[in-house]
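Presented below is the structure to which this report refers.
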C-alpha cells in the first residue's frame, strides 16, 4: 500500500513527495539535471520505500548518474539514448503508444518519450527514419500508426512531420519539437511554431525537447483506451521497443 | 454509406473532401472565415450528400453565416459564443470531455472547444469561473475534473490555470492559451509560453485561441476511453453543456 | 528598340526607369500600393512609350486601379485574385513554372506568383488544393511537378508543403510563406521559419506573401532552362493557367 | 557618523560611493561578478571605514571571493546558496519579508533575495517547496504568508506561483522569475511574461534571476510597515532564516 | 458586515465574487472592457449589496459606461483620464502614494494608477511633467518624493525615468511602462525592458499600461506604512489629487 | 546502375537511403555533425556500393573526420574551409554557378556552397572581397556575374550585398546570410531579414549559414540551363575554383 | 532676449518649456500627435511670446492642424509630405545637410528630416530615387554627398542604402529606417537591424520613421562645421530644398 | 603620398585596401578577431608601406596580438582595456570628442571608442562613473559636456544615460549600448531599444558594443567642427585621455 496522499519525506536537500502516487495515480519522477548521483540515490530509496510495488524513474540522468543508480538497486531498466533509468518492476503495459521520429538527431528525445510512456504504464512501439522529405516511407507504416492508441511525433528543423502523420490517421497525436537545427531554427522555435500551426486537425504540442511530458501524456491516454481487437496488432512490437531490462551486474 | 476515401467534389471555388470521413473517421470541417455564406451553404450541401448520416460543422462562422446555414438546413445545432454551427444529428456521445475556463473573456474559445468536442462524438461538461487567483473554487470541482476522460483548460493572461489543474488530477490535459490580455501578453504569447513550460507533468498545448484543435483532440481521446463506472458521474452534465439543438424555425 | 540603359523619365511624382529593360533584360514593374490610379496610368504610359514591344505590369493593384488601367489601354491582361494587371502583348512563353498551393486562403499569393512568372516570360501551370495533411493528393500530381523547370510552392500556417514537395522531385523549388493563420503563426513567421529549415535539400525562400518575387525568380530560371523533350508535357497546361486576356470593352 | 552625502573615495579601479548611505539610507552594495577578490576586499575596507556601524554586502561572489572576504574581516555573514556575503553587524530586523519558492532549482535566487532583505534591515522567513502543481502545500502555509509585511515569490518554468499566492493574500507581492527551464522557457522569459500578466491583482515583477532587487525592495517595504500584533507570529521564524553568522576561523 | 469569504452571486453572465473582501481585504474590481454598461451596473449592484460600506470600482470604463454608472448610483467618483469610476464612499486615506509621470501622453495610465491607489485606501499625490531629459525639474520635487510611502513612476519611450527617480530616494518604487512611442518602442516593450534592467536598486515593474496593478500594489504598501511625522508633509496634496467626487446630477 | 528508388540499407545506427539517386537524381548527402568518423566511413561505403559511378559527399565534417574519409577511400576531394569532402569522381560540370562573398569571415559558408554546387554537377566560379561598402569592386566584376547561370551571394552583418548584386544583373540570385557579426546581428538574423526584404526583384534566400542548401539549389538551376555561347566565358575559371582533388597519400 | 533657462508657462493641459532655448540652444518642439489643433495653437503662442526671434515647430501635424496653425500666425512654413510646420522666420542656414532617400514610399520621413534640419539652422539638399538596386544613380551624385557636412540616409525594406553611401564618402552619416515594407520587414525592424550592422564604418542610426531625430542631430553637426570652400558647392541647392515659405492667405 | 584610390595589395589570405585613404580620407582598419597575429602583422606592414604618414589601427586585438604588433613596429600606441593598437604617429588632434560612461563594466567599450576617435584625428576627453541613478555626478560635469564637439555616451542595462545627458546639452550625441547586464537585458537589447527611443531629441545610436563605429563617427564630426574659443577648455584633458604611447622596448 503506497504512502498516504499528503505524506512527504524531508531529506534535507529536498522533500520527497511520497504521497503523489496516492493523489494522482502516478509516482513522483526525479529530474536528474542539477542533482548529484548521491542525492538521486537517496531520493530513489525514499520513494521506493514509500511505494515498493511501483517503479521510480530518473530523467536527464547523465552516464555516471545512471551507473550509480544501476549499481545501487537490484532491478533497473536503462535507456542510454534517452538518459533515463527506472528502478523497480515496470507495470503491465496497457494500451499502445507509438513514437515516430524522423532523423537520427531526434533520437534522444524520442527515446526519452518512449521510455517514459512505458514506465507510466503503456506499451510502446517505435517508428524511426520517416520524414516529410521521403513521404513514401511514412505511407509504408500507416497500419502501425493506426494501431496505436496515442502517437508521439518527434521532429526538429521544419517540424513538418506531425502535419503529414496527422493527415494519415485519426489517432490522437502529440507533437514534440526538438532543438535540432541551426540558424533560423532558433533552438527548436521553428519546429515549435510549425507544430502549433499544423494544418492537420487535432495536433497538440509539448515544449521543445520535452520527451518526458509527451510520454506522460500519451501513456495516460493509451492506458485508459478501450482494448483494441487482437488482429490489429499486425506490427511486431517487441524488437522495436527501446526499453531493456538489465540486471545490475550486467550493467556494471 | 459514406463516399469512398479518395473521392472529392469540385465546386469551382473549392474541392469538398467528401472522402475524408472514410479515410480518417472524421468528416471535413468547414472553416468559415474568409468564405461567403453562399459558399458555405454549398459546401455543407455537398458534404451532407456525401455522408448523410454524419454531421457537418462550420467554425468561425459570424452571425449572418450562422443564420444562413440555419435557414438552409432542417437540423442544425448552433453555439453563438463559439461561432460554430453543426448540420445533421449529432453522434451519440462516447466518453466525457471537461472544458475548464477561468474568466468571461475566455468564453468564446471555451465554447468553440466544447462544441467541437461534442460534434466529434464526445460528451462535454463545462466548468467556468475557476482561476488560479481563487484556487478554492478549483478545489471545489476536483471530482468533476477526475470524472472526465480528457480535460481542456482554457486561459489567457498568465496561462497559469493548466498547471494548477494538472497538479490536481491525472486525467489527460490539453491547454489552450487565449489572446485575452494586453501589453506584455503579446496576444496570447505569455499564456502560450507558460503552458509549454507547465510545472505539472503531462500538459500538452494548442495554438492560441485554437478551441477547434483542442476539441478535436480531446474528443478523439475521450471517445476511445474505457467506459467509466456509472457512479463516477456525480456532476449533473446536462445543464452545463453548451450545445443546444434548435429547429430552424426557432432560430430564425 | 527600347530606351538606352541609363535613361529615365521624370514624371514629377516619380522617375520612370525607362532604361531598366536594356540594363537587366526585364522592364520596371509598378508597385500599385500607395499610388493613385492616375499616377499608375501615367507611369504605364511612360514605360509603354519607352519599350512598346514589352509589356508593363502593375502589382498590388486594387479593383478600381485595375479598372482604370484596363480602361486606359488597348491590350491588358488581368488577374483579380492576384491583384495584378499587365499592359501589352505577353512575351512568348519559354520554359515552365509550376505554382503549387495548399488551401484556398493562399490563392491570392499563388495567383500573383503565377501571373508575374507568365509576364516575365515563362509558361505557367498551377496545382491547387494539395496539402501535407492529405499527402495522397500530392503524390497524384508528381509527374506535373517533375515536368516543370521551376516550382513555386505557396503555403501558410505550418509551412510544411515545400518539404513534402521537395522530397518528391529534384526540380528547383522556391517556397513562399503566406500570412494565412492566427495566433502563433505570427503573420506568416511560423511558415517562413519552417521553410528556411526545410528538411528537403535545396529549398529557397521568399518574403512572406511575396508572390511577386517568387514569380520573377522562377521565370528567370525557367526561361533559360534547356527545352524538355515534348513527351514530358503530360499535363494539360492551358485550362490551369490563371492569366486570361481581356479586351478593354469586355472588362469595363 | 557616516560619510557625508557627496563623498566618495577614488580607489583607482573604482570610486567607492561612501556617501550613498547618507544620501539614500542604504549603503552601496558591491557586485562581485567581474571583479577580483582583491578589489572586493579593498572596496569593502573603504566602505567599512566610511560607515563602520553599517554592514557592507557583496553579491554574486563566487566561493573563492567569499572565502577571501571572510578571511579578511572579523565579522561576516555568508550564504553559499545565494553567493552573498555581508561584513559587519547586521541591523536589527524591522518588519518581516517572506520568501516563497517552488523547486530546488530556484534556491539560489531565493537565497540571494532572503539574504539581501535581511542585510537591508528586514526579518526574513522562507517557505520552500510549494508549487502550483501541488496547491495543497501552498494552502497549508497561508497563515505564514499573511503574517509577512512583504512577499517575494520566486519561480521559473511557467511562473505561475505568484498568481496562486496573490489570490490567497493581500500582502504586497514581488515576483522574481528565474532562468530555470529549457526550450520555450527562453532563459526565464516565459516566467517573466506570466508574472507580468498575473491574473492576481497587485503583483509586481523584477528582472530574471534578480533576487537582489527583490530583496532591496521588499526590505524597504517591510521595515517601514506598522508593527504587527505579537500573536500574528504563529510561524517559528528562526530555523527557517537562511543567514548564519560565522566567525572567520570557523569559515576558513 | 461583508459577505462571508466563500460567497458569490451568480448573475448568469458572470459570478460576482462577493466574498473577496472578506478573504483578501480588498473587494473585487470590475474590468469594464468587453462588458456592456448594463452588465456593469448589475455587477456593481450585486457587490454594493454584499458590502455596502466598501466602494466598488470599475476600470477601463469608456465614457458611456461611466455615464451609465454615475446615473445609476447615488455616490460616485469619476476620473475621465483614467477611465475609472468608483461607487460608494472612499475609505479614509492611510499612507501616501506619489504618482510621477513624464509626458502628457502617459497621463491616462498615471491617472488610472492614482485613482486606484486612492480607492484602495491610500492618499495620493501626483507629480507631472518631469522627465529624464529635463532632470532639473525632477530635482525640484525631491522632497515630495521622499515624503511618500510608495512611488509609482509612469513612463513610455525609453523608460528611463524610474532609474533617475530611484537614484534620488530610498522610497519603494513601482515602475509602469506605457505603450507611448513608435517604431522600436514596440508598444511599450522598450520601456518595459529598460525598467526591468534599471540601474537603480529596488525598482519593481508592472505590465505595460497596467496602472491598475501599480495602484493596487502601492496602496497596499502605503496603507500599512508607519505614520510619518506631520512636518514631512511639505507638499500641498489636495489640489494635485486627481480623484474628484461628483454628485450624479453634476455628472449628467 | 544505381540501386532502385525504394532501396535502403540498414546499418544499425542509420538507414542509408541508397535509392535516393534513382528517385530524385541526386544521391543522399551525409551530414557529418554529430556522427563519429567511423559511422561516416561506413555510410560512405554503403552509398558508394549502391552507386559506384556517383560521388558521395560529407558536409560539416571536422578535420579528423575529413582525414579519416580521405584515408579510407581512393579518390576524394576536400575543401578545408568549407569542411566538406567528396568521395568518387566528380560529375562533368554543366552550367556555371558563381559564388560571391564579401568579407574573409564569410569564407567558410561560401566555400561550402561552392563545393556542394560542384559536386552536384555545376561548374563554379568564385568572386571574393566585394562588398556594398566598396561598390567599385563589385562593378568591376559585372561581366563575371552576367556570365553565370545562377548566383550565390553570401554575406553577414547588414546582408546588403544581394541587393546590390541583384540590381546589376538578371541572373537568378540565391542569397545566403551568415552568422558573422555581433550585437544586433543576432547570429545572422539581421542579414536574413535584409535579404528577405531585398529591394532588388527576384532574390531568394536560404537559412543562416546554409551554404549546402544554396549549393544544391544553384547547381540544379545551372545544370539545366541552356549552354551559353563560348565567348561569354571571359573570366578564367580554373584558378578561382575552390575544389581541389587530392590523392589520399598527399592528404595524409 | 529669450526667457531664462528655468522658466516655463503652465497652460493647464501642459507646461510650455519656455526656457529650453536658453538652456540648450534649441527651442522646444511641439509633437502634434494626440493634441488638438487648439492646444497646439495655444502652445505655439506661448513659445512665440517667450522667444519671438526664434521659430517654433510642430511635427506630426495632420492637415487640419497644419491649416489651423497657418491661419493663426502670420509667418509660417509648411511641408505637407513631412507633416510639419514652422512659425516665425527661419534662422540663417549654416552648414549643409544632405537627405538621401531611395523610394517614393520613404518620402514622408525624408521630408520631415529635411524640414527639421532646416528649422534647426542648417541648409538642406535632397537626393531622391537612389537605391542599392540601381547603384549607378548613386555614383552619379557622389559629389553632392561629399559636399555635405552631414548626411541623412532614409531607407525601408532591406535598409541597405546607408552601407552603400557610407562606402562612398567620409561625411558623417545618420541612417533612418522606415516602416515601409511588408511581411518579414516587421514594420521597419529589418531595415533597423541592417543599419545597426552596416558594413560601412561610422554609420549611426535613429529610431524607425524618426526623421525628426535625424534632422535635429544632423543640423547640430552641420551648423558647427567649418565653412567649406566655395568651389565645393557644385550642386545647385535651391530647387532641391523642400521647405517653402507661405503667407497665411496663400495657404488658406 | 598615399597609394591611389583604386589600389590594393593581394596578400593571399586577404586583399589590403591600400587605396581607401585616398578615396575616403580614412585608412583601412584591421579587425583583429578571427585573424592570427602573423596575418595582422603582415597587413599592418602592407598598409604602413602604402601610406607611411598615416597610422594603421587594429581593433579587437587580444593581448598576444597586441604584443606581437608592438614588438614588430617601432611606434605603437596601445589601449589594453579597449583591445586596440595603433602603429605610426597619431595625427594632430582637431576638435574634441567626450566619451561618457557609467559603470566599470562599460569600460572596455568606452575605451575602444575613445582610442578610435583619437586615432581618427580628434582630441578625446573621458568622463567615467556617471550614471542616471546618481544624477548629481552628471550635473557636476556639465561644463565638460558642453565643451565637446561630439559626445559618445556608453551604457548597458537600462540604457538611460544618453537621455539624461541629452537633456543637459545641445552637443551632438552618439549613444552606444553595451551587452552588460543579465536576464531581460538580452545581451544589450534593452539598452539598445531605450536609446533608440530616447526622450531627448537628437540622440543617434550604434550597434551593441560598437565602440569602434561610435569613435569613427564622432571623430568625423569633431574634426570638421569650427574651433571653439580657448577659454571653453575648462577641463584638463591630458590626464583623462586613455591613449598612451609606448616604445616597443617598454612594452615588452
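First chain written, first letter: the chains are A, B, C, D, E, F, G and H, and each begins at residue 1.
As a working rule, contacts are C-beta pairs under 8 Å (C-beta built on N, C-alpha and C of every residue); 3 or more make two chains touch, one makes a residue touch a chain.
Quick caveat, the model's predicted, so the values are computed rather than measured.
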item: Joint neighbours of subunit H and subunit F, given as chain labels; value: G
item: Comparison of A-B and E-H by number of C-beta pairs in contact, larger one; value: E-H
item: Option in A-C, A-B or A-F whose residue-number contact pairs overlap F-H by over half; value: A-F
item: Centroid spacing, where centroids are CA-atom means, of subunit D and subunit E in whole angstrom; value: 28
item: Inter-centroid spacing, subunit G versus subunit D (mean Cα positions, whole Å); value: 49
item: Subunit C and subunit E, separation of their C-alpha mean positions in angstrom; value: 54
item: Of all residues in subunit E, the ones touching two or more other chains; value: 134, 167-168, 183-185, 189, 192, 196-197, 201, 207
item: Pairs of chains found to touch, sorted by chain label; value: A-B, A-C, A-D, A-F, B-C, B-D, B-E, C-F, C-G, D-E, D-H, E-G, E-H, F-G, F-H, G-H
item: Residue ranges of subunit G in contact with subunit F within the complex; value: 102-103, 131-135, 138-139, 157-160, 163-164, 166-168, 181, 183-186, 189-191, 193-201
item: Residue ranges of subunit B touching subunit C (in the complex, touch as defined); value: 6, 13-15, 17, 34-35, 177, 179, 187-189, 192, 207-210
item: Parts of subunit C lying in touch with subunit B, wherever the complex brings them together; value: 104-105, 128-129, 134, 136, 182-185
item: Residues of subunit B that touch subunit A when the two form their complex; value: 24-26, 29, 149-150, 167-174, 192, 196-197, 201-208, 212-214, 216-217, 220-221, 224-226
